[in-house]
Amino acid sequence: MSTVLDLLTIVFVSVGVFFFVAGTVGLLRFPDTLTRLHALTKADNLGLGLIVIGLLPRVDSPQDALKLILVWALVLVASSNSSQLIARKVRREES
Amino acid sequence: MTIPTIFGICASLLIGLGLYGIIIQTRVLRKLLAFNLVGTGVFLLFGVIGRRGAGGGLEGDPVVFGLVITGIVVAFSATALAVAILIRLHEETGDDSLVDEPPDEEGR
Amino acid sequence: MTEFLFVAAILVLITLTLSLARVLRGPAKVDRMMAAQLLGTGGIAILLLAAGSGLKAAADVALTLALLSALAAVAFVKSGERLATRTKNDKQP
Amino acid sequence: MFASLTDSGVLLVFALVLPVSGMLLALLTGGRHARTVTLLILLANVVVVGGIVGGIWQTGQAVNYHLGGWSPPLGIELRADGLSGAMMAVTALVSLAAGLYAPPSFRFPKSQENRESRMSFVFWYLLSATVAAMNLVFLAQDLFTLYVALELVAFAGVPMVALSGSANTLLAALRYLIFALIGSIFYLLGAVLLYGLHGTLDISLLAGLVEPGPSLWLILAFMTVGLAAKTALFPLHIWLPPAHAGAPPAASALLSALVVKASFFLVIRLWFDLVPGLPAPSASQVLGAMGAGAILFGGVLALRQARLKLLIAYSTIAQLGYLFLAFPLAFGMGVETDGALTGGMFQAMAHAFAKASMFMAAGLIAEAIGHDRIADLGGLGRVLPVTCLAFGIAALSLIGVPPTGGFVAKWLLLEAAAISGQWWWAVLLILGGFLAGGYMFRVIMPALARDVTPPTLIAPVSRFREAVVLALALAALALGLFPEAPTELLALGRPQSLEILSP
Amino acid sequence: MNTDLIFCMGLALLILGVAVFVVGSREPFPAVVGFVIFGLLVSIAWMCLSAPDVALTEAAIGGGVTGALLLVATARLGDSSKKGQKTKTPMGFHGLVILLCVAVSAGLIAVVLTFPEPAPTLALVALEPLESTGVKNPVTAVLLAYRALDTLLETVVVLLAMAGVWSLAKDSDWSKTPLFGYSPEPGGPLVLLAKVLIPVGVIFGIYMVWTGSDHPGGKFQGAAILAAMGILGLVAGVTSVPAVTNAKLRWLLVLGPAVFLVVGLMGFLSVGYFLAWPPGLSKAVIVLIEVALTPSLALMLGLLVAGPPRQLPTSNS
């Protein structure tokens, strides 16, 4: 049982880390601001989410699990909102 | 090499670097940033001392950690006060360096 | 297993170093801010990995960062900065 | 285990609790009440400090108190020896004088009943804060608590500098704040390293643990330089003149008389209590050289000022220089001479009274004739006799003319120079006296002149405020007329090593 | 070499790299962004040093609240300085400064490497009476029992700094309210964000205070989070601050320190010492002080950031 869960952790965390790498590469390589913004939101939302899922089997109380999910939810809300704010403002300034 | 040593060296370098920034930078905001680097360096150094003092089942010296928390709050208050003065000064003179204004001619 | 989580943390740390390059290079303010946001999420990820390896309090720190990184971004947007402006030193390389 | 409420150690607690509650009450009540509350608190503080000094005097020993019953190294100890007692007494009197002098400068808006104005609220609030901070500096025995105390002193002093809100004062306040912050963070760095070496922050415990060596010299250098920057010791003095000259007179008096003494007092604690006699004599010579630079530089610049308040501010730099002569005179030749410390403390006290009197007198002059240009003060003695008398007495003390407190201070320092055979400091002391005479007589001689038309008064001068100013000047005089009691007080409760050497 | 050691080394290097950038960057804005990142990395470093209480404080205050403060400050100060940049430091002076700073760092490293072994510590001394204080988090015991005076004075420091910020108002603005940043545009994603984040933040801040007596956390961390939520509300336009002359505001500010003082004075009656807690009731007293201090501290920290009271700007920026 524990080996299965460990394997789950390894797979999800690895893929999560991969998304972080991809997001960073996007941030570095993409040509303009709005595409970079796109890369960024993908990376942190997906990467962090996968890491959270990967870590869930390892927590020892439901409260701790709830906390992990809450962190993810907060990052999701905050980053999507602030990305939207940034994108709006950049568009308005560029036009 | 141990973890306290790594961060001890890191803190020492931060203090030197921050001191350089405080002296060299002409704009006050940059001086404040540099001051905060020195402050963080001092607190980290204290933390290293606290970590080295682990014992009795504690992972560090709680006295040190308590004092560092106090220090961080005090350093923040100082930064906020300085920023407030700086912004007010900027409103008055349009400048944000410590270069002298022409002195008051009239004595009050 | 703890070893694996540490390795993952090191990898995230490396991506943080790379995205730091975007903070350094800009060119626009918004690029720097976005890179900072990615760094924030990366830091949260590292703390969660630490929480997964048994350091329970790290989850609280991550939660604090998640709450406050939003504040920094909002303060930035609302502070009246012209986001798309490039900072001065980038115009004259 | 049970300390009764009549124990004089309890008074140490009240020396902190009173001014802090003064701050809270001023914030709560605001407006006119802030003034009433603060003045009552200042009066009560005089009584409490009197009780503490009485306690030290009667027992002949330091008074101490363990907060919460926790003893060091885990807890914090408050301790008042003779030095603390004397400085707290000076603080209590000067702050009360400032409080009595200030009200006409900080009027309330006439239209509304108890609505407060910015300047009045801030001044009264900061006055209580200054007293709380100074008392803490004199009482705390823990290096970290002292760090908090230093920050309190700075946060009370900086807004005082910027009270008028003009661009110049804002700049001066900002510069002062930055020096103060750097100073205290380097002081803290030293304290942190001491904890790393010895595992405690209590001064008396540390005194038994420190060992001479490169680590200790580095720590001492950090702490001393940090504190010197806050004391405006040459060459870290540039922030002081605009800051002290730009504040309202009552605030200038507090800044020059008290606030800069806080960090000086900690240097004394460091060199005389924490590492008595440990550093090489050459280290104390360096401190003395900086003091010498201050005396000469401050004196020469004071000679060249066109405005009275700036002249007084530059004179502060010079007078602070004397304080640091205590170090080479005490430790310079490898023998500890007790008179040097007493001389330094006398200088601190006499300067506090004289300088407070002088800044307030300058404030009265500026209010009465509308300016403070030194060139146009001719004949002032005839229109403002009491103010000019006070100014004159204070000036004599700063110059070091007998029988003033300033004279006793300089005499004790000269004596220490003679005993330890350091003639070069004696020469400097005399030279500094001539410089002070020069810049003070630039003001006094024209003011006494009979053949010029005196400036016209544009506003009447309050007799009561003149009396306050005169009382401060007389206090500086009294220190010189009755030097025995303060000398004895200063020696009480001191560490053993110094008591043995006293005659 | 262990992975945790490698991680710490990488983190230390990254911290130093960001610090070099903060000092060296030519423009203020990138330097401030660098500083926000610096705060984040340092709070991870505190976890490496096994100091979760400090990590929480650094995350809340060092990274978040200071970051917001400085970002808004750079925006208001603009990019260029009129006089600052013209003055060039002479080469000789520059060299001396570098020499000085290198000497400081080298001296410190030398002291760090020769720290005594075993390290002197108060950990054991602090642990012994921990039971009598009733709390399980030794850092809380330090802050509210052994060294309660420091904590009391620290709130006074914050209160004093806050009044210092207020004192910078123009005379005519004294009865106005502190404004942070610029007047917000109503509606939009920001209000939504504020409405989602603020309740979560408030609950988390309260949880932080509540858990602090036994686990990492406490009033400073909780108050900083609450203050941050207040600032967020201010920026989004969903909360507002009363005028600084408002009586209720003054009461709320004084409440925490006053309760601390009064309870401290009651120590005279119950145990015979100022700031001593009656045995058996220790934990209750500590919790009472923390609960009373939290709203006051949160308000003070928030007002420190919000700046002096000001007239609303009439023209839109």
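Letters A, B, C, D and E mark the chains as written, and numbering starts fresh at 1 in each.
Basically, contacts are C-beta pairs under 8 Å (C-beta built on N, C-alpha and C of every residue); 3 or more make two chains touch, one makes a residue touch a chain.
Here the structure is a predicted model, which means the values were calculated and not measured.
S.K.: Return the chains shared as contacts by chain A and chain B, ordered by label.
M.R.: E
S.K.: Give the fewest steps needed to get from chain C to chain D, where each step moves from one chain to a chain it touches.
M.R.: 2
S.K.: Can you give the shortest number of steps from chain A to chain E, where adjacent chains in the path must touch?
M.R.: Graph distance in the chain contact network comes out at 1.
S.K.: Let me check something: if the centre of a chain is the mean of its CA atoms, which chain is farthest from chain C?
M.R.: Between chain C and the rest, the longest centre separation is with D.
S.K.: From the centre of chain B, which chain's CA centre is farthest?
M.R.: It is A whose centre lies farthest from that of chain B.
S.K.: How far is the middle of chain C from the middle of chain E, if each middle is the mean of its Cα atoms, in Å?
M.R.: So the centroids are 20 Å from each other.
S.K.: For chain B and chain E, what's the span in angstrom between their mean Cα positions?
M.R.: 12
S.K.: Roughly how far is chain A from chain D, going centre to centre by Cα mean, in whole Å?
M.R.: Computed from C-alpha means, the inter-chain centre distance equals 57 Å.
S.K.: Give the residues of chain A that touch two or more other chains, as numbers and ranges in rising order.
M.R.: 70, 74, 77-78, 81-82, 85
S.K.: Touching at least two other chains at once: which residues of chain E meet that condition?
M.R.: Only 4, 65, 74, 76, 108, 115, 119-122, 126, 146-147, 150, 154, 157, 161, 164, 168, 190, 193, 197, 200 qualify.
S.K.: Where in chain B do residues touch two or more other chains at once?
M.R.: Those would be 15, 32, 45, 48-49, 52-53, 63-64, 67, 70, 74, 77-78, 81, 85-86, 88.
S.K.: Write out all the pairs of touching chains, ordered by chain label.
M.R.: Every pair of chains meeting the touch criterion: A-C, A-E, B-D, B-E, C-E, D-E.
S.K.: Name, in rising order, each residue of chain E that touches chain D in their complex.
M.R.: For chain E paired with chain D, touching residues are 107-108, 110-111, 114-116, 119-122, 125-126, 129, 145-150, 152-154, 156-157, 159-161, 163-164, 166-171, 174-175, 245, 247, 250-251, 253-254, 257-258, 261, 264-265, 267-268, 271-277.
S.K.: Within the complex, which stretch of chain E touches chain B?
M.R.: 4-5, 8-9, 12, 15-16, 19-20, 22-23, 28, 31-32, 35, 38, 42, 45-46, 48-51, 53-54, 57-58, 61-62, 65-66, 69-70, 73-74, 76-77, 81-85, 87, 89, 94, 97-98, 100-102, 104-105, 108-109, 112-113, 115, 119-124, 126-127, 138-139, 141-143, 146-147, 150-151, 154, 157-158, 161-162, 164-165, 168, 218, 220, 301, 304-305, 307-308
S.K.: Would you pull the chain C residues touching chain A in the complex into a rising list?
M.R.: 1, 4-5, 8, 11-12, 15, 18-19, 21-22, 28, 30-31, 33-35, 37-38, 41-42, 44-45, 48-49, 51-52, 56, 59-60, 62-63, 66-67, 69-70, 73-74, 77, 82-85
S.K.: Quick one: in the complex, what on chain A touches chain E?
M.R.: By the definition above, chain A touches chain E via 70, 74, 77-78, 81-82, 84-85, 88.
S.K.: Which stretch or stretches of chain A touch chain C in the complex?
M.R.: Listed in rising order, the residues of chain A that touch chain C are 6, 9-10, 13-14, 16-17, 20-21, 23-25, 27-28, 33, 36-37, 40, 43-44, 47-48, 51-52, 54-55, 58-59, 64, 67-68, 70-71, 74-75, 77-79, 81-82, 85-86, 89-90, 93-94.
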